[in-house]
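One chain, chain A, appears in both complexes that follow, with chain B as partner in the first and chain C in the second.
== the complex of A and B ==
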């Protein structure tokens, strides 16, 4: 039986928290002023550095090469055939379950991809995508990579479902610019 | 069931394991949670072959590594599955299997559900030392129009070949060539066309054999599995629907040893395309134009109200128990009509006696029977999975098979004896057999009985056949598989009565023996048990006598009946005397059809309700051996299709007969309350594996079913037809039979259409010679002025004097001939 907490049956349920020493004396004064001054030094240093604002969207900073932006699907440079074979491994790897692949059989006279199989439907729901890049890692053909485009906002959720054609095309310039009078 | 096997104890990887004596090490190891990788081991295919060497393990006291799949356990065995030697051999085997494997997993349909992938990941070396080019074959090649083979991927495990050689016994698949060029194929690259060949797709542990229909359709993570039961034939195999985007993409076996032993026929496996067919009826129709449900139900209610007791209903085999129960209740309860029947109608008293629980054999009883009599049916055509089951029973060397039929069956080759009676003579033959068996029994008991020769009729060769057959049958240890179509026609009742006599003479009311009736419709048995029988209500309860099929037809023709309801039934195509039915339906004042597709019968219908497909249905069905099984919906209803039980219940309500049934479980409960031998059954109890009602306590409540006193010898006067035995040069006796692929299912599935048989007339070679006909000739089979064109096939196993045509073909249907025994075969 615990006296402070009589409703607890088992004294072991009480967790005792160890607090630091009460401030006071010289230590207390240092705490109050020393730390504050240290902080102020950083503030002052930034003050004399001048403004660092980047005029986005008119101005942009380059992203790192490994930046994970909107996906791209790729074609072979020589044949123009799609690299994706519709194997659905990216869909399996996707933790957000936002990739949908429906495969179909290639017509040898009118190929979409080399081999037997191609992706008849390839959709990524970017509203759900968490840009983890697992699809890129899973792809055995380097058919899908994460691109550098990050300006993906849209007015409609439905418009965030990217189809194969959109993913194969070069990303459109979607930088939102303020129009006159807005 | 067999007695408990004795147990042995062994140690696997330090874990003590108890297993059945005689079990193989792989299976025993599972008891200790130890997995030993296998490729070629598959108990469904029979004994182990030890072909792939994947399962090598180390056993104390044996210097060399042993194959766990073919080493039976011994008491005190000490086994290691993860020693360095074993690991080295396992990774060597995987490396070896992958030497020529193309590793094209991303394009392979098996990817994600591939034992080779799993085992290579789990037990393989991780990387290959091979830099040499791989062996190449042309790929993928069609092995049949339904299966493609990619020979590069094959690991030569022999599973498919063993299936073809040892299970289906079609012996078409072979391993050709030797060494690195070994590959699976057929003689001269003929397409592998056989009724069960789809099973090899499921057997293949790699992606060498893939289904044409499932090609690139989905990956395991794209799909949902939905277990149900196939109701395309009376085998009622347990299936697993693979569903993607609310469409059935594939049908797999859901192994249930009590029903299908893990196999499916190709109809069940590939017959799912029709579920999404464009041709399906998806909306109610009144007078040929689309209508809403309200309007259609009102129209039907009004017409049925005015027809009242002048209504009849014919229920087709795909109907579930609940639908059957509700339609009979609609007729009996709401309309006061007793004219309810199914395509599997039997005389009520006979149906009751044949359903007796002691007399019914279960499918697994075939495995242990000492003798099996197949009579009046060809299982391959009517209940294909039993064909495999009987073959297995014979192969295992326990059962002796005898076949008595009018037409040669696919099982003849494995039979000890066959007897062939002429079409329409089943009753005579069975009477002779019953007499012979009775005789033998009495001879055994010391009192001489009647000799088979004394049976009236042209019995001389019946007696001879009966004697041969009877000689093979072991009293108390026999399973009789009979075609319920024996009960059709004028001699039908006496044929089945004689069959019951045979069963009695053979003491079949014992455990492990009995009879299994093969209905025409998938749920033939269930429909009779829930009351779709003129003269017997649910549970074979006494009910006012009603009209059977023939009298319904007559009644419609005479104008004595006003309305007819066809539930999943197409009498014009599927019942004898199709033209008669066409005329009857045309004359009927009201025809109401529940059908998934337009056919000859719906054309005559005033009101058509769209039917559910079997993948959409919820309910129960009853297997021919009495096993209740559950249908579960796998996909949503397309268009404006409603559950039929709901439609029937609603119709009852509009006619002032509230059933109080608002859901399928409620319907099951109502049936369970009315059918004494289903008492207390619930969908939960039926579960995924089904339960045989004969094995439930409630079955004892119907002991009186069997206690019906043995009927006095049925009179055979109706056998003495004037036309029997008139075998002249150009008049032959016609029999018809249902061929496996001659039905609507084949026509509705584009992929299966190539299998639909063209009408063929089978003749004994002696008759062919007499008539100057050779196989392949175009002829016309004429009877009473009507003719059916067909191609001649001479068959040595045919009985001279008989000819056979196929029922229910899309064109030149044998049912178009009048119900007449004698025909002429004419060369046009």
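== the complex of A and C ==
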């Protein structure tokens, strides 16, 4: 075998698969019943395993902690200021070009973020987003993270452009989450 | 087409005349087609049918222009390009780390393989050695992806042949694999888990137990699939002796993967040119004898068993240590350093905005995908963006053999041949 296939280091590495029986004939007539029954036995034995499906809209699939769903923007819990300082690194990292950030100077008397600047406009076009999570990776301040929400369908494309207020707001309905290691 | 009248006296069946005439029929104008039909004897009527691009059995948007005489396929021409997205061109406009989510979306059932082909190519250009743990983690995910791809092939192809329950069974196990992907990488498909230099993050707590449970269960599940299909009379009649192309011809056409191995050629890049951890694990190459649809089915089933074996060995030998290289010019710094180290923050900004530069050069990096040799060609010009990214997709090359499989057979066998060929149109068109 090795003369025929010089790239093969060891003929032991190859296993030839079995050929099935020739169809037709008397054995074929037997198989049409016998093997069908055997197949049915396999199918029937699955009955005790119970259904694998869930009643979806009522019962939701829980997601894993690492699941990347709809984005969330965050505030500092103590001061209530936005974490985003409008540095546009997320927009630079986005392969789909779906993030638009317009930064503005902070007014020292009425701060929006703790830094010098803040995001005056922060929009994510979820119709373009590919949920790769590079924005989350790029953000040096943990201001944007991928949430767990996965029900994102809408009737208009325009409604899929999420503004800063929508991304800062808590999701209406929480997605069930699996525990770490579950 | 100028000499249609000359064919009139020739025998209408079997000869070269039909092949020549139908070859002209395909792609010719309606008037010429009528003339070619007139050239045949009245009882032999040629029918040119468009199968697809929206036919469920084409597994994507593939259009097959088929010339039929009754139920017999006289000629066939696959027409591709309906999901051409220009991904390869788009890649030239992105920095290297941003290319990864793009190439994943080519062959959408083997995204880990696409990532590995691209990352491996860039790592070769950078002369970057990835840590042993990353190699093992990549191997585990590649083999899980192979299982996932073969399971989807099994479900849809068996469905085309009438075994509807196979789809539910195969998709059930596929869902377990997708769950594992979600757990480790955060996404069920298109995970962007592989990065240049290693993998994005370590596997989470509990992943190994879940994967081990899956590996214990999977061989029994494959046994169940085989109990349903292996000796089923309908399945045997549909697959045995159908779509045979000689091994030499397959090699001429550049066909690789399970199709070639089913014809008896033990060509597997995991053995021939080992990459990642494949030279440290033990597995066998399943080969067929005849190269018909049945052999293709058996080879893929056996490959799934071997994949499970590889995953188990990788889990046993999984080394401790870092999962991504600490080459700071290429890899993002760890997150906890961003708040403390100014240098890390500068590297982070530089890598995210500009990306890393790759020294000029070109490389072709082939790996064994679920459908055959998946190669990635990268041309670097010294900047942070690739000058050219090209994929040698196995689906595209394998599709060339479809005509030879189908000509002379029945139209029902065409469905079987296409199913066993397992083309993914996202990979064909890119």
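Just so we're on the same page, the second predicted complex is superposed on the first by the 124 of 182 C-alpha atoms of A that agree within 3 Å, B and C clash if a C-alpha of one lies under 4 Å from a C-alpha of the other, contacts with A are read in each partner's own complex, and residues count from 1 in each chain.
Note that in this section contacts are C-beta pairs under 8 Å (C-beta built on N, C-alpha and C of every residue); 3 or more make two chains touch, one makes a residue touch a chain.
Fair warning: this is a prediction, and the values are worked out from it, not measured in the lab.
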Which of chain B and chain C A:116 touches, first, second, both or neither: first
Touched partner set for A:89, first chain B, second chain C, both or neither: both
Of chain B and chain C, the chain that contacts the larger number of chain A residues: C
Partner chain in contact with A:146 - chain B first, chain C second, else both or neither: second
First (chain B), second (chain C), both or neither touched by A:104: first
Shared chain A surface residues [contacts with chain B and with chain C]: 89, 92, 140
Footprint of chain A on chain C - complex, ascending: 94, 97-98, 101-102, 105, 165, 169, 172, 175, 179, 182-187, 190, 192, 201, 204-206, 224, 227-228, 230-233, 236-237, 240, 265-267, 271-272, 284-290, 294-295, 298-299, 301-302, 332, 338, 345, 348-349, 352-353
Chain A contact footprint on chain B (complex, rising order): 104-107, 111-112, 140, 215-219, 221-222
List of chain A residues in touch with chain C within their complex: 5, 7-9, 12-24, 28, 31-32, 35-36, 38-39, 42-43, 46, 52, 63-68, 89, 92-93, 95-96, 130-134, 137-138, 140, 146, 180-182
Of chain A, residues touching chain B in the complex: 85-89, 91-92, 101, 103-105, 115-117, 140-141
